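These notes open a run of structures that come right after.
Across the two complexes that follow, chain A remains constant while its partner is chain B and subsequently chain C.
== the complex of A and B ==
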């Protein structure tokens, strides 16, 4: 098998696995963390399709901005930290 | 004339060594091991080994420059505060290694209520993305790892990963101080990324390329971009200090209020690597300023271009230390006011100047 084909299969596997994990995980922050891997995997897939610019913009916008925005949204609405008692 | 790059030099060396090995194996006359000699001169293994060697050499050199920045900061801060600074070894040069050994020997403590997986993964991601930045900035046209067309964009994309990992790390520590520090850090990094992108856009308009080599070649034929884009240079410098979380903008780790910010719960080698990643990012910011505004490796030919590059990087870092020692930490409202009301309009003005200069045909 060609090396780039193997690499593509690995990346695609990571992307799909991360996407499934987003749906399965209970903890919402972990879901965001898996979503990052999904976005990065999609970006690398774009690079495999010879669309380097699109892939890099995917990482820049989705991981650098959208994900952090989701994190801000989640954290600012959450009332208590994990484990232990309620935290003011 | 084809210039001898690090890759072609090492490639030639590896081929030569392979041929010598092949000859030696032939001399022995043992038929069974001759396939090793044939393998040593084929293209695949030689290319692979050479790429690994180039990466290793560049990595070690860039890391050495990064830790020299730490040494420089300690010495210069010491002189400014009228003391001697670090003293371990010759001129204090071994202080970094002593610190590394100290942090390696400490116990790695993970808080009981922390989210263990994310606690480890976030710091891995932060350090990985910071170290990845090292390989992107070429030192000259012959000393580099890779030279893709979109180097600048790759650098900015990797740079923008940091706030995400900082927030995850602060959340996973399960500590309110870490949490507040992480919030501040992410807010600051996102706010100051916008002016940086605008200034970079003005440079792309001027030079018409995202490749560092082309940008520096443009500055060699015309002039250093800090003169026409002076406003952008100042904006980029201030934003760069904020992006590397150095003193006037070190709100994320304000010791007096937040213990150590988002990295409070990290100890041992994790803390050591986080600090190293901080300085590596500061080094990358000064390298970006050097390449984008100060002409990169441009300079009189009596010194190697790499030496000019390093001189400029250390000079920019020296000014960053100077700013650090001369200013105090600003408040959150001042931080946001400077970011959104001063630097963002300035970067837009800078973009307008670049567009006008390009449209008038002066460059």
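== the complex of A and C ==
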């Protein structure tokens, strides 16, 4: 197993771990921040596939635009505070 | 070079996580987040097959997909903010009607 393969497996593990953390965490604001790590991991995966421009666009659009938009959505909507889980 | 199967397995795992999120989560914003995860899995597939077949069509499709995903989340959040203003909730079980 050469170095790039090992590096890819580490990045893929971080990406999948962040994606699972999005689903299992109780605080919705933490889910958005885990989502940031997941998007950055996918961007690095694009760079492994010789698509550096697309990885850059991925990080710019997803982390810079979509995550900020979702944070606005989280902060402007009402959570269900009574009954059930914290943000289920 | 990294085998193609690694990228396909990563994409499949991300897609399954997105489907589980769409089907189980009750907060509508988490459903939108899970849809973004599924779109990312599809983008990985586009770019992986484009890189291994030396065909730049997949890169262009992934670029279109990223742009459409950005537009889609903007429209979805606008709808959710209006729903929150009108019904005081973003819980998907409370949003089971299309007129109110």
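Just so it is clear, the second predicted complex is superposed on the first by the 77 of 88 C-alpha atoms of A that agree within 3 Å, B and C clash if a C-alpha of one lies under 4 Å from a C-alpha of the other, contacts with A are read in each partner's own complex, and residues count from 1 in each chain.
Please note the rule applied: a contact is a pair of C-beta atoms (placed from the backbone, for glycine too) under 8 Å apart; a residue touches a chain by one contact, two chains touch by 3 or more.
This structure is a prediction, so every number in the text was calculated from the model and none was measured.
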Fit or clash between chain C and chain B when superposed on chain A: fit
Which superposed partner A:65 touches (first chain B, second chain C, both, neither): both
Partner chain in contact with A:75 - chain B first, chain C second, else both or neither: first
In the superposition, chain B vs chain C on chain A residues touched: C
First, second, both or neither for A:56, with chain B first and chain C second: first
Partner chain(s) touched by A:23 [first = chain B, second = chain C, both, neither]: second
Which superposed partner A:42 touches (first chain B, second chain C, both, neither): second
Touched partner set for A:12, first chain B, second chain C, both or neither: second
Closest approach of chain C to chain B (Cα atoms, Å): 14
Overlapping contact positions on chain A, where the chain C interface meets the chain B interface: 32, 57, 65, 72, 84, 87
Partner chain A, residues of chain C touching it in the complex: 1-2, 6-7, 10, 13-14, 17-18, 20-21, 24-27, 29-30, 32-34, 36-37, 40, 43-44, 47-48, 50-51, 59, 62-63, 66-67, 69-70, 73-74, 77, 80-81, 84, 88-91
Residues of chain A touching chain B in the complex: 27, 29-30, 32-33, 36, 52-53, 56-57, 59-60, 63-65, 67-68, 71-72, 75, 81-84, 87
Interface residues, chain B side, partner chain A - complex: 112-113, 115, 117-118, 121, 148-150, 153-154, 156-158, 160-161, 163-164, 167-168, 171-172, 174, 176, 179, 183, 186, 190, 193
Residue ranges of chain A in contact with chain C within the complex: 4-5, 8-9, 12, 15-16, 19-20, 22-23, 28, 31-32, 35, 38-39, 42, 45-46, 48-51, 54, 57-58, 61-62, 65-66, 69-70, 72-74, 76-80, 84, 87-88
